[in-house]
Structures are given as C-alpha cells and as structure tokens.
Amino acid sequence: MEKKKIVIGVIGADVHAVGNKILYHAFTEAGFDVINLGVMVSQEEYINAAIESNADAIVVSSLYGHGELDCRGLREKCDESGLRGILLYVGGNIVVGKQPFEEVEKRFKAMGFDRVFGPGTPPETTIAALKEDLGITD
Amino acid sequence: MDLRNRKIDKDVFMASRAEVLSQWPTGKRVDLEEAVAFHKSLPEHKIFSSKLIQAKKAKKTLIQPRAGVPLLQDHIKLLTYLQDQGEADLLPTTIDSYTRQNRYQEAQIGIEESIRQSKSMLNGFPAVNHGVDACRSIIDSLNVPVQVRHGTPDARLLAEICCAGGFTSFEGGGISYNIPYAKNVSLEVTIRDWQYVDRLAGLYEEMGVSINREPFGPLTGTLVPPCISHAVAIIESLLAAEQGVKNISVGYGQCGNLIQDVAAIRSLEELTEEYLKKYGYDDVVVTTVLHQWMGGFPQDEAKAFGVISWGSVAGALAQATKIIVKTPHEAMGIPTMEANAEGLRCTKQVISMLADQPLNNAQVAAEMEIIKAETKCILDKCFELGEGDIAVGTVAAFQTGVLDIPFAPSRYNAGKLLPARDNEGAIRILTPGNVPLSKELLDFNTAKIQERARQEKRAASFQMVIDDVYAIGKGRLVGRP
Amino acid sequence: MDLRNRKIDKDVFMASRAEVLSQWPTGKRVDLEEAVAFHKSLPEHKIFSSKLIQAKKAKKTLIQPRAGVPLLQDHIKLLTYLQDQGEADLLPTTIDSYTRQNRYQEAQIGIEESIRQSKSMLNGFPAVNHGVDACRSIIDSLNVPVQVRHGTPDARLLAEICCAGGFTSFEGGGISYNIPYAKNVSLEVTIRDWQYVDRLAGLYEEMGVSINREPFGPLTGTLVPPCISHAVAIIESLLAAEQGVKNISVGYGQCGNLIQDVAAIRSLEELTEEYLKKYGYDDVVVTTVLHQWMGGFPQDEAKAFGVISWGSVAGALAQATKIIVKTPHEAMGIPTMEANAEGLRCTKQVISMLADQPLNNAQVAAEMEIIKAETKCILDKCFELGEGDIAVGTVAAFQTGVLDIPFAPSRYNAGKLLPARDNEGAIRILTPGNVPLSKELLDFNTAKIQERARQEKRAASFQMVIDDVYAIGKGRLVGRP
Amino acid sequence: MEKKKIVIGVIGADVHAVGNKILYHAFTEAGFDVINLGVMVSQEEYINAAIESNADAIVVSSLYGHGELDCRGLREKCDESGLRGILLYVGGNIVVGKQPFEEVEKRFKAMGFDRVFGPGTPPETTIAALKEDLGITD
C-alpha cells in the first residue's frame, strides 16, 4: 500500500523544536511519508505544502500558548484552497495556562480540527489516531 | 555588512537609534537623559546590579521567577504577588512571543482579545506596545529589581523602551536569543543587533546607571552539554563587555547530575572571569545563574516539585548567585500566580536549608577541569576562525559546526552534535559533529557513554537521545530502556 | 525481674503467651500454625524481607508512607490509593495512639465515634480491636508488603495479632518505642516486652516465615545526634538477633546536613553489621531506612515539598534501602490520602533522578569516622555497664545518662544532653551530659559549635537549641538569630 | 505584682514533648509561674494541679489528633471541681487532619474553651493572649 502523507510543523511564532523533531522521527518510523515544515509555520505554508504533496493530513503543533490565535481560520483557508475535508489535528500546549481539557477541546473542534490533543500526548497515541482516521490497518 | 567585535562609534549608534525608535509609535517617547534621571531616582534595592553584587559577596543565592501577562494591571498584580507571596528576591517581566518576533501588530490584537475575553491571550507582557510609562509603573509598584526576559532576536526597540522604562536588567544575546529562538535569522544580523543593545547598556553605564546583562544560558534547554552553553555565554560576555557592559550574569541550565551541575556553575564563573580579564575587560562583575531543569517536565505537580527542588539543590550547593525557578504547572502551561509562587517558596525552603553547606570535593574539581578544557577547545577554535575577532569567529563557528546547539530550530545551526547522558546522568557528547574537542576529551566522552551503553545492554544511538529527552518528564534522569 | 540478653526459653515464652492473648477478646483468634500457613501462602512480592533483600542487592531505594485510619474499609481504600496513585513500594499500617497505650476500650469508642460522625476520630488503625481476619483482608487487598508502624511500649498483643494477621514487618523496639513514646514505663519492662516480640518473630523465622523487624530510628525526631540513634538501633538489633530475628532494618532520621546524613546511613549499616558479626549473629540481613525530616515542618505545602525533596536527596545519595516519606500536610495534621500520595510521588521523582549518582567523597568518609567513633564510645560503655550483657547495660546506661535522648518525654531518660547545629547545619553535641564521648570527640563537637557561635556573634546556649528546633519550620536549617 | 499561675501539659495519650518543653521555657521567661505536667496528662491531673496551686489558667496542648476525644467534658469537670470560670486554652494540632480552623474553633469553644489556637501558634501569641485575659500590663 502507498504510504500516507502528512504535513507537520509548529504554527505561528512558536520555536519549540524538540517535540517536532521527535514527531518527525516517530511518524517516519511508523511508516508515514512526512513533510516536516519545522517551527514557525504560517497557515499558508501548511496549506501550500499539503497541496503540493497531496497530503492526507495536517498535524499542527503549538506549544507556546498562542495556539488559539494562530489556529483561527485554518479550516476555512483549507476549504478555500481546495483542501476541503483534509484531516486536521492539533496538539501540544495549545492554550495559555492549565485549562480544563474538555473546554479547550470544544473550542478547537469548533474551529474545525478533527482531533485535539492535550499536553504531553505520546507519539504512539497520535499514530494510532492517524491510522484509524486514515484507514491504515497494520 | 562588516561585523567586528569593536565598540560601536557613538555617532554611528545615535544615527541608527532614530530608525530603531521609529519602528513602533511608542518609540518616540524614549529620551535617554530623562531615562537616566529616572534610573538615578531609584533606591538601591530596586537595582539589579547592586543586589547581585551584594549576593555574590555574601555567597547568597537569590531566586527569580518567570512571569508575564498581557495587561498592565494584571501584570503588576502578578509581580506583586510573586514578591509578597513568593518571596522572590528578583522579578522578571517575560515578554510575549509576538513582541519577540517584532510582530507588534499581532501583539496589539492579543492585548485587545485579552481585554475582550477577560483572559490572557498572549504568553507574556508586550512591553513595546505598552510603552515607557507603563514600564515605569511596574518598577514603581515593586520593591525588588525587575528584569526583562524574552527571547527576541532583534531586541533593539524592546531594549530602548525597557531601559527607558526603568528595568535594570535585560536578558539575551546575539547567539542565545537567536539559535534557540529563531529559524531564519542570520547570526551576523543578531550579533550586530545585540551589539546595539549592549552599546545602549554601555551608554547607560557611562552615564552612571548600571544595567545588568544576562546571556540566556540554557539555550534549547534540552540536553545541552555544559561546554556548549559555556562557550556561548563567554562569547556573549566578551561581546557585551566590548560595548561597555560592566555587570554580567552568565547562566546555565541544570543538567541533573549534581557533580556536573555544581562543576558547571563554578567553572562558568571562573572561565568567564578568566576570558574577560584575558581580553582586557578588568572591571566587569560576573555573577552566575542556575536555571532549574529547562527540558520537559513531569505533568504531575508533586513530581514537578521534586524536579524544582533538585534544581534548587544544585543551585544552592554550587552557590549560584541566582536561580531561575520553574513551577509545578511547567508541563501544562503558563502557571497561575499561585503555582508560580509555590515554585518560588519550595525553592526558597531548599536553598535556605542548604545555604550553609556548599559542595566542594575532588569529583567536582575533576569535572570542572573537564568542562573548562572542553570549553577552551571550542573558544580557541572560534578565536582562530575569526583571526582573533570573536564576533567574526562566532559566525564562522556556527557555519562550520564548531559551535553546535542540540535541538535548535535555527537553520544557521549545524545540528550535527548529539548529546546523551552517561551512566551517572551527566550530559556527554555522543556524536561531536564538528565540535573541536581534543582527542583525549572525545575519548573521555565516548568512554562515559559506552559505560552506560554496556550497562543498558544496547548500542548508543539516537534512540538513547530520545529516551533522555523524555526521561525527566517520565520520572527518571537517565532514559533507560 | 531478672533481665538478660538471652533467648527466651520456648516453654517460658509459650506460658506467657496465654496471658498476652487474653488481654483483649481478639487475642483468642491467634493460632501460630495456622498463621504460618497463611504467611506461606503469600506470594514473594508481598513479603517485606524479600523485597528489602532484593533492593539492597540492587542498591535500589524503596519508598514507604505512614498511614492509618480507624475503619477497615477506609484503611484498605487508603492503602490501595497509596499503592496505585502514590507509587509506594512498601506500605504501612499506622496504629492509633490509644492502641499504642493498650487502651483498647478507648480505641473502641474511637471506632464507634468514627462510624457515627463519618470522620476519622482516631489517628491510626486500631489493629487489636479489628483482629486477625481484618488484618488479613488488608494483606489480601494489596500487592506490596505491609508493615505495622506504631510507637507502642508494650506491643506483645499487637504483634501477635498483626503477625497472625499476615503483616510481614513490625516496627519498634524496647528503647525506641519507649523513651520517645512514653512517660512512666521502665526500660526493664519494655526491653522484656520487646524480647517477647522479637522471640515471636524468631519463632516465625524458625517456622520458615521471615518477619522483618525495624527499630524506630528517629526517636524524638528532634535534633538527635547520629551517634545516639545509632547506638539505640544497634542495641535493639543485637537484642532482636538474640531472639532469632534474621532481617533487620535500622533507621535514621534525616538531620539536614547532606554530608552528615549520607555518612550516617552508611555508617549505620556498616556498624550494625560489624556489631552483629562481632556478637556471633552471622546470618542477619541488615538494611537501612532514612526518615525524611522528623522534626517540625513548615506549614506551607510548597515549602514542605522542599523539605520532603531534601530528605529524598539524602536517602538517594546515601543509597538507603528505603525512605519513610512525609507529606505536604505534615505540620497541619494527619494527611489526606491525596496529600500522602503527593509526598510519595515527589519522593519517587527525586530518588529516580538520583538513583545513578551516589555521593562518595572524602568529607563523607571523614564524617563516617566521627560517627562510628562516637557510637562506639557509647556502645562500649553500655557493654561495660552491663558487664557484657547489653540488655542490662542499656538499663544502666539510661539510668546514668550514658544513653540520653534529647527532648524525650520519658522520666527514665536523663535529658541532660543538649544538641545544636554547627555552622554547616550538622547536628553536634552542645552539652554532653553523661554521654561518654572521648575528650577528642567532645573537643571536636565543641569546636564545631563554637565556629557557629562565632559566626553568629553569640554564645552557644539553650536559645540556640530552641532556634534550631524551629528552624526548618521557619524555612532554614540552622536557627540563626 | 504577684506572678500569675498557669498549669500546662499535653492531654491524653499524647507524648509530643518538644512543644511542651519550649512552652514551659517561654512562659517562665515571660514571667508566669508555670506548673508543667509534661505529656500524657489526664483531665483529673490538670484539675488537681490547678486546685492545688490555685492557678489562673489551664493551657492544654494536644498534638496527636485525639484532642477532640480527650478534651470533652473538661470544662464540666472544672465546674464540678470548684474551678468555675477558670481560663481554659487549647492549642496544637487539636484535631485529626487539616480542617478549616473556623470550624475547629467553633467546636472547641462549644466545649467550653476560652481560646482555641491552630497548628504552630508561636509562644508570643499565647503569651499576649494570656496577658490580655489575665489583665497583665507590661
């Protein structure tokens, strides 16, 4: 079977590079074709990379707290750019401070993310979710 | 552009100021003479340099949190709380990430959204947007010195506004606020921009106002071997001293092995003083900063307190001049003020209990020798590459991977060096890339990691590095399989 | 009464059993053979001695809380929580204070009141009132070994019920559960009563069931110099070994100075083994226990975490076999189960981070020599006073103040020795009373305290002792003026 | 002025001796005539000592958690023994666990204590209260 393609990166003015490097490593090991945009990625960069590579999913990281401001409108822009229905994940420390996860999840789902993950989610969890959503069976 | 480690000519400096101050409307308000007068009106206990010098003399360890919220009144409330309920000796004003990227327009939206939603939408205090007088009202409201902490590659306007705003200390440097904090900014540019900041601090110094400067020690906070962060700290100290800075705090992020941490702080102070003297800067006061563990934290608060305490132990036993304190919320998000104060009080308890029992022994001395020798290998090569000019040498060193910071986001960083812990948890060099350690020192590092590999019955590899990245978050120091 | 350190004759022992078991109705249920069968049915991971031996071999440090509530189901819930959420390696069942005084009638009222008010009205689990089967349901419900911890001068019935109830470890001893825990009970009586307990444990041992025994190390928990608590621990080990005990954990309450604490744990293990061998007990396994700070705690929970962590550091760097863990509620009252688990997780984090870096250096070695020499002065005199019999010698030693425990409530304790911290915070002897240290060692102690007195510009006096009692609670180690 | 007499001790089966030794020292230094009963003091012992010495106050310590059970009826017994109105203080860790102090205070006041003090009350506070209640002016 062809490898599934995913675009990853850390959104906004965020420079937290460690998790991104590890996710790249983990997703690649898990058999995905990974386009890693690194840190400080703008919404346009995700979209362009996804269009260019014909990606199956965009996995957005945000660690530094501005996630809520940075992520707004990404789903709408995807829709406008012909990426209607593309799988959108977000994870990391996506809001400022320690907030009840259910509320945070609700807000990001309302923004159009398919799945929302809390602080310190291990790569295995994300990989399992991707496999499920992209219909990969081991 | 012709980069050199040479004091910027005053006229040249003044000419570029005009441009800097026009980057955002609040720049207009900056007036050097008037700012100096404000500083001179401050009582001694609000002055960073003075408090550090006293602490160094008394071998006392001070504590300082990180903290910043978008709105002025909230920010003052936060700092007052940390001063009164957190027993902080020194206070920060942590700047938000948009300001750090000079995106003042987005910072403005963040301020407005924070007001509208009655909740902090920025991860720090946007000092440029708030301007000089807002800064002064922070200084006026508190009884301890306040420092600006950020991570801004181009901090010229921020420095102008904050110095005029009465802050008596300014963190950062051309390397330490670039490589870990930026992706696409060249070192030539940031070193030059930080020469500006240092020149500004030097100007205040000439006018009788001491501004403490602090290179950001921990870099990426993630398994950085002491020799790497020491080399950067010393280079930034030399660059700052050349511009007239007289009060420098060099920092180091705790690695977690006690002997290595104590040796690192001690050797950092000694080496920085040695290099400053060697290059003719005789009247610079050097103090040290221990950052409690800067990598991933455990999510559980009780465990986080354990990590916080262990950092406090290292700082106290090393007699660092100050400790930058983490909070029990570290793994989760920006802390509440209560959690922030808890981290401080926990730290205060530990350092007070340990104040009278510094650690001095043969193991520490031996580790100091190692760290010094490694750092010198790197620094000597930097000077060589720059034909004696450390600014030029630094740029070349990053280009060639002679200086190489693990896990850095910057494309100006080689990223070939791989660190890993040894069997006692000290951070060693697994793959040196082009970092020019002597054969003897490389063999030492390799042998140390091999010892661990044997113990764990596996080969040393990138998996070991990953395991080490997660280890403290999972409740260990060494990432054993 | 003719006290001797001699193994109690089996017939004599059996005769007195009948009387002991009749002290409270639940005693009738005890049946030795049947109890041995229950113990033999236990899997190895529920057996205290086995887990300690494994840990000692692996140089691993285990953690154990204190915990006990009046009602059985609540108690099981509490211990299950500490096992699962506190990551405890070993569990306790702390007994309430009425049971400790053999006031079973009042304990009964406490149980009933606790049911009526739906709130714990006793400070522990009244095991005698609950009886053998209730105890077994505790053991059955958990996956780690469980120990009885108390403070009972006459613990014969408690030991019978708890051993039959399947507990595999029993804390206490004729000195350590008398002098700090009683006012009017003579040492002859308690030593004899504890010979009974040890003989009982020895009997289980003969029948193939190992019961771990642990003299209570910290005594009054308040500025006890290591030589005093070491002397007591070694005497109780010798007394226990004579009765056939084969698995002994000797304990020590953290003093707060790292070098002294590490040296104390190491010397305690070495000396206990040395004395046991010397007196012919060749097959006893000795493990060590570090109690996190046992004196007054700070009320603030964040500061309490600092104290808890510092104890964890001492235990880990000394490689103690286990650490008895305090909680952030220590200064306030019996902890909730959540607070108790927090203390455990904080401790776990610290000891895991430190597992790979034991402290070995010349200062530790030097301090070990001091502690050993001091302890030997005391023990030699005890043997001398008893004309070779340590049971007799111990009674005489307390009478004459040769053994003297600071701040003890017992009128059988001289209370003439005064301890104080030296300038690094180590606990030294300010006034020896009749404790027979050599002139050299006394001079050493005096010089150490004088160094502090000079530093503080005051004479060493009782005020210094008071200041030291309060110091950690107030956030310091040394009680400076 | 004649010294005021106070009886102190730790009630019940409680053996916490450290605070008691320090309170004895502090009260004596502060000019009181102190009858110290030490630890493990029964209600009868307090009352007998107070009658014998004609004391002005009884200061009860309880640290170990059984305070609530141990202190019940002390006021009534004082009344019966002719110590009607004698000043009664209690302090230490007087209940099991960390409980809201206002509630604890209320319960002990209902039992007849004139003043109730929470964990770690410094000697100076107690001394100031005693001086006020016994009408001592420095």
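A, B, C and D are the chain letters, set down in written order, and residue numbers restart from 1 in every chain.
Basically, a contact is a pair of C-beta atoms (placed from the backbone, for glycine too) under 8 Å apart; a residue touches a chain by one contact, two chains touch by 3 or more.
Computed from a predicted structure; not experimentally measured.
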item	value
Between chain A and chain C, the fewest steps along chains that touch one another	2
Whole-Å separation of chain centres (CA-atom averages), chain A against chain B	30
Averaged-CA centre spacing for the pair chain C and chain B, given as whole angstrom	45
Where chain A and chain D are represented by their mean Cα positions, the distance between them in whole Å	65
Chain contact topology (line, ring, star, complete or other)	line
Those chain pairs that satisfy the touch definition	A-B, B-C, C-D
Residue numbers on chain D that touch chain C, as the complex places them	12-18, 21-22, 25, 38-40, 64-66, 68-69, 93, 95-99, 119-120
Residues of chain C defined as touching chain B within the complex	256-259, 298, 300-310, 312-313, 317, 341-350, 352-357, 359, 361-363, 423-425, 472, 475-478
Contact set on chain B toward chain A in their complex	96-98, 100-101, 103, 106, 109-110, 113, 119-123, 151, 180-184, 220, 222, 295-296, 299, 329, 331-336, 339, 407-409, 462, 466, 469, 473
